[in-house]
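The structure follows.
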Amino acid sequence: MKRWVLLLAVLIVASLVLAACPQPTPEKVIETVVVTKEVEKVVTKEVEKVVTKEIEKVITKEVVKTVEVTPAKGKCAPESFDQLGEKGVIKIGVPVPLSAPGSVTGGQAMQIAANIAVNHINEKGGIMGKYPVDVVFYDTSGLPERGRAGAEYLITQECVNAIAGEYHSAAGVQEKEVAHQYGVLAVFAETWNDKITAAQYPEVFRIAPASSMVAQADAKFFSDLGVKWVAIVAENTDYGVPASEATKERLGKLGIESEIYLAEQGTQDFSALVSRIVQDVQQREGKKGVLVLITGETSYNFEEQAVEGGLAPAEDLIFVANQVAANHTEFWSNVPDGNYMAFRRVGVVPALTKDNPVAQRFIEDYKKATKDPDRFPESYAFEQYDALMLVAAAIEKAQSLKTEDLIAAMESWDSRENGFQGAQGIYYFLYGTKKPVPKDEPAWMWHQWPDPAILFLQYWQEGQPVDNACVIWPENYRTCGTDYIVPGTEPPVKP
Amino acid sequence: MSTNGAARGNYILEVEDLYVGYYRDLNILQGVHMYAEKGKITTILGANGVGKSTLLKAIFGFLRPNAGDIRLNGKSILDTPTHKRITLGLAYIPQHMSIFRWMSVEENILLGGWTFRHDKERLRRKLEENFERFPILREKRKQPVGELSGGQQRMVELARTLMTDPEVILVDEPTAGLAKLLKREVYQMLRDLRDNEGKTIVLVDQEIRHALRIADYVYILDLGRNKTEGPVEEIVADLKKAFWI
Amino acid sequence: MSQNGTIRLEVRNVVKNFGGLQALAGVSFTIEGPQLVGLIGPNGAGKTTLTNIITGLLKPTKGEVWFNGRRIDPLRPYHIARLGIGRTFQVTRAFRRMTVLENMLAPGLVKHPYMSRKELEKKALEIMKFLTIDHLRYEMGSNLSGGQQKLLELARLLMLEPDLIILDEPFAGVHPKLQRTIYGYIQRVRGEGKAIILISHDMESIFTLSERLIVLNFGEVIADGPPEVVKEDPQVIEAYLGRDDEEDLI
Amino acid sequence: MKFRRIYILWALTALFLVGLIFYPRLVNLQPYWVLVGMTALFYAILASSWSLLAGYTGQFSFAHMAFMGLGTYAAGILIRDMGFAPWQATIGGVLITGVVGLIIGYLCLRLRAVYLALFTIAFAEIFRLVVKAEVKFTGGPNGLELPTYTFPGWLQNLLRTIVPFWDANVYIPAYYTMAFLFVAALLFMFLLVRSRFGIFFRAVREDEEAAAALGVHVVNTRVLAFVVSSMIAGFAGIVFHHFIGLIVPDQMQIGRMSLIIAMAVIGGSQNLIGAALGAIFIHFSLEWLQQIPLPTAVLQHLLFLNDWGFSVDLHAGVLRTNAWRMVGFGLLLMLTLRFWQNGLISPIIDWLARREAVESVAQRFQAERDMDAVDDVQAIGSQAEAGNPQEPTS
Amino acid sequence: MWPLPDVLLHAMHFHMWLDALFKFQITGTYIVRLILEGLLIGVIYALMALGLTLIFSVLNIVSFAHGEFYMIGGYVVYAILHHYKGFPGLLAIVVAALVTFVIGAVFERLFLQPMAKGQVERPSEYAILITFGLSFFLQFVMLGIMGPFPKKAPRFWSFPKIDLGFIRTTKTTLFLGNIPLSGGRIFAAIIALLALAAVLWFMYRTWTGWALQAVSQDRNAAAVVGINPLNMNTLAFGMGAMLAGLAGAVLVTVFSWVPWVGVPASAKSFVIIVLGGMGSIPGSLVGGLILGVVESLGTGLFPDPARAQAYRDVFGLVIFALVLWLKPTGLFGRKL
């Protein structure tokens, strides 16, 4: 019994001490609370130490009041160039997946792209010629809680001025919350989930397409080719499920029937699923399509097994492989029989970058960094590079590190003519704090780059590099003079 | 009645002051001694649970003694691992049928010759010998042993043991669960092994009268200790006294 | 103890088959009142099977077991134990990763779930003192020697306060010095008016201690009576020593 | 008053509690570290409740994470579809976990050791895959969102007075709620294992038949342990994920489960506190090992590690260990199992809590032999004396 | 077509079945195709499970690290073919088998032998946890070395062109009538069958195989005839690991390889050995085939196409749980 009393006593004492314990240290408060900055201006540097004790009480009261209005204050990013310290380094956080279950391929490519961006910014001496940029990576594993922890870490530990990156929507959705909470600029690179911009946080921008945009494009593609029925093979993940449903819905609006087949990623054996789709396909009339919404290398697995199982591209069967088919070395070594497969590519193709010096430079450096001369940067690499360049440009434009100024700078790129030239294209944002999203537009148009390129390409030769694959859709980008290369034939025009 | 065994005759197997137990220090045997004379049948008797089987297990190495010594031909075999003891000329027939139930009769018997498995000629010869000894086994050579009757299983076991021509055979209740006629056969066989082939046999048995009939020297154990011992004549002379308190 | 103060265990024609093997071929006997019954028989006679059936670890193929006017063979082991039949095991089964005191508390708490821990510990200590293991009270079960584990098992049994105690080979592997303690224990329990079934291969102790002997062979009761009588029973001698008329075998 | 080792234990406990209370201050209220602390406590609850099941009753269940997820999903669905308030859903979720735990506990009764492990793996995987596949009902791989708790005003005010920095960041309330739950859960389990059920748990673990022969209700005991530990896991999961805001089925992967097991085993699965401390220790070290700060001079010599799955970040002056930190951890797990089966932390606790020295087995064996030598004759004599067949004792 | 009682049909959402039947018609060819596909993959499952069965029957433990040997086997083939272009593929498979054998044997010596020698307390818990620890360890070691990117070894063979009417081939596919069967799988299944035959020959026709059987049937009797059970333990664990490695080595050209590819694979092995009876060699063969067919049919005939593949692993696991619970000895079980 005595021991319990003792324990209780310890607890009571501890909570009393806790209640009486000093408030967050003054340095901290100065950094975190808005009120304190005014106090700081009053205090001359010489007497700062002496005065802090006296102003402590004032601050404490202020803190509680402020806190009740805006609960979270833990951000430590410098708000002006003076606070940057001796080296004047501006830190930008880059949350990327570097370990499973995240897509490490994506994460590492983004890491490389981010480093190239940093080199490009810093070789001129940095932002405004004097403030070099430093990126801080955080491995989010593509998990929501890791995304949240990562954003917390970057903002409160690494004191980053902005966040630029992320591959997985699941993590991104959490990160946007944290960014909003602390009021830190966040430019998302490869997170397609509509929710990210649909939340309409002033700090959040996106230069990747929203998944609804992609689904719309997919549906249009099939409809333009006269397809009557589509088998949508989607991975059973946070990406695949909503994407497949969105696509089905849009296909339906265009009068195309479709069926969703979800594939569990852990299983690599898709033979029974393939048989099932084959059975289904055989019983349909007219042109049919297969759309693979399995991401990463698992999609190669499915595609290879589909071909082996008799579900190969044919005159009346348009097979749209996943976008990672654009990594042609991997694609051909994993799907040696993937001839005549079409795939969607979000982002630019080599043909579209020819007149863009920014892109040319990036592509060259990317090939060097990956030691793979055939590797055309993936869309997420482009996006990551551009996200960092955008942030840097915004800082330069705003001549400030305050988030609100940065947002204003970003929003000032408000039309194609008046946009920022990135590697992927010209970035601009139609709607934002100054110009709310109109009612007839979807909510996710907020801070959303409206025209990322969504192209459909088709391979027609075994082992073909992606650079000379044919663009078959949309019409204005078409490079081979045909909307579909019928298996067994060659395109009329060769790029 | 206790004699200092070392004073008697020509011992091939000597067990001295043995402490053995299954668990860390629950000693079933508490300072047991036993000496087996060459070419004789030494029988160990005693009520159930006094540690007769434990003694044999310890001699063959399934249990590691906590104290004491076991010597074969004057050399301590305590450090020889169990599976190597067969090469020293020791053989052991456990009480519970230790056959490989899902293997054929022939494979079972052949496995007895594991230690000389590369000597095809000898294997063939010994196998033939055994089939002559137990003709019934020749008939059923391809059958899984598990399908044989209890007596036949015992035969397989004996045949397997005899593959290596052991000097000393430790036999643990060989007739438990066998029909009368088979029992007689088994005892006759043990006797033959002694008389014709000069084998040393250490026999642990419940069938007191039978065992005494073929025994040369008898040890009686009582709860992990030596109780009585002596040449078989002495024991038989006062059987009741020896066993029944 | 049952309401009317008597102890009555009835085994009625119990048969137990394991596959094709008959371990018990219709065993019946009754134990009434405080009594020390020795249960003997050669190996494989079915003693352990019978014990397991009485304590509920095995269900009989046929037959019934009644205890104090209640049929217990369909009950689960812990239920039977709570009704007042306690047992020890041939191979000691002390709880090895529990201290000796905790070993004692387990049955104690079964019997008196709401008794204060102090009182219970006091009670346990008394018993342990009697069995000379009180100095080991904070020792792990696994650190005890074999003999001490046997004593612990016996001590545990007393905490359960059973009416009928089945002791399976209490002397096997135990040092003579500790054997004397066990003798004392049995006499004390006997003095408390409990019934005891003693299974032992140690003829000395069996003949010394028991008032009545039940001899099993091949799953049948071949003799039942006072030790002096049973000792001379030709069937018993035959079971143990073999038959004289089998001379012609060799 | 004589000094006893147990006082050290009490002092350490008090120190730990104080540390627990002041932790957010110790890390300067940095939200990241507060979050890490909160997660560590979450794992600590899971590990120690698993040790209640595995260490105390010997039921090696691999479905612990599944029960955690089950509770959370149940609570989330109650909120979403039945309009429960978060706190009501918490209670509901815990109860549902208990009911399912009861059923699974009964199903597992007849399974031993490896069969139990396999059965629970099967259950956990089936549950995870079903949750993942039933998109409409559970949100599928997208996960299920859970709203944060809102504290009633008076409690909020009270807490603000006790903890002045309550609102400093969103994780402070979460941390303290988790810490409260941690202390409460540990205290509850501690009291449970000190009660008669604790004795029964261990008796059943040691020897089911012997326990039954002593009247221990084996079925109830085993099921009780199963239910209690599942409910605690469910409770921890619900509270944790209410603050995180989302639960995804991948949280219930076998890989995650193995992390919990490793934590408990390294800490010591025979001891609730050991397992909890193991979890806290390991979670923090994994977080720290993610990037080890090293001087640039050292890092320059480590560049070759880049080819081996490390990343040497000269810029930040850290060595990122990526997967290799888990390798070291796996090795630690194996070595712990091989050489310190009671874990690394619980032997210390046991040593501090032990009351009497252990007589070594070798010593006792020697003593027994000495005893032999001295009174062998005596013993036989007295035995013969006692063994007079003419006078049956009565 | 579905001779099920009405109640059952109702419980199984009869309307969904009808929907499914409306969407595509289930034909005999389709069923045959599913069964053939199931059998093909089942052979490879059987190879894996055979290793686990061998380990269980000799060492009496279930290795939770079995899938990791499968994973390593695949990686070895990948690494060899990746670094040495033109290395004969079959030889690479042999190297993979050797490597996994050595890893398994070394692990057994270091961590399991103390258990067999009785130096470890609570051996059953120890066996579960130590193999679990090994799986954890190997996964992350391979993650460190190979990285998390999926790898796939190039196919090192292709079908000759055959056209016999009923049987014809393309480069990748074998057609039986109009049923296409994946070439990669047929190749893997052939290798698996050869390996199975070799193992069976080894087990039933060689002295060492007899010794392994002997140890699994009666350890003490094996020691009596002079077999060293400890060596047999090492051999059995090594061989078990090797068989898993072999399965991985042949499948690395069919599937893509990540460090955690072994997790579902070992789950399947558990299902099979429990289904076939722990420790039974014929059981593991039959169990493998059954699992393959059940998964295939389950996926092919599950009413809702969206969830069919997502439930693929569940079909096997449900059977697993039921067998464990109802008849733990499995179909061919000889001991518990």
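Per-chain residue numbering starts at 1, and chain names A, B, C, D and E are given in the order in which the chains are listed.
Convention: a contact is a pair of C-beta atoms (placed from the backbone, for glycine too) under 8 Å apart; a residue touches a chain by one contact, two chains touch by 3 or more.
Source: prediction; values computed, not measured.
Listed by label, the chains touching subunit C and subunit E alike are B, D.
Placing every chain at the mean of its C-alpha atoms, the farthest one from subunit D is found to be B.
Ranking every chain by how far its Cα centroid lies from the centroid of subunit A, the top place goes to B.
Work out the mean CA point of subunit A and of subunit D, and you get 37 Å between them. Centres computed as Cα averages put subunit B at a distance of 33 Å from subunit C.
Averaged Cα coordinates give subunit A a centre that lies 78 Å from the centre of subunit B. Under the contact definition stated at the top, the residues of subunit C that touch 2 or more other chains are 145, 147, 175, 204, 207, 231.
Residues of subunit E in contact with at least two other chains: 143, 147-148, 260, 263, 307, 310-311, 313. Multi-chain contact residues of subunit B (touching two or more other chains) are listed as 24-25, 27, 30, 245.
Across the complex, subunit E is touched by residues 60-62, 81-84, 86-87, 91-94, 98-103, 107, 110-112, 114-115, 117, 160-161, 163-164 of subunit B.
Listed in rising order, the residues of subunit D touching subunit C in the complex are 196, 199-200, 202-203, 205-207, 209-219, 270, 354-356, 358-359, 361, 364-365, 368, 371-372, 375-376, 379-380, 382-383, 386-389, 392-394.
Remark: subunit E residues 207, 210-211, 213-214, 217-218, 220-229, 334 touch subunit B in the complex.
Interface of subunit A with subunit E (complex): residues 99-100, 104-105, 236, 259-264, 266-273, 275-276, 278-280, 283, 296-298, 300-301, 304-305, 307-310, 333-334, 336-337.
Taken together, the subunit E residues at the contact with subunit D in this complex read 61-62, 64, 110-111, 114, 120-122, 124-130, 132-141, 143-145, 147-148, 260, 263, 267, 270-271, 274, 307, 310-311, 313-314, 317-318, 320-321, 324-325, 328.
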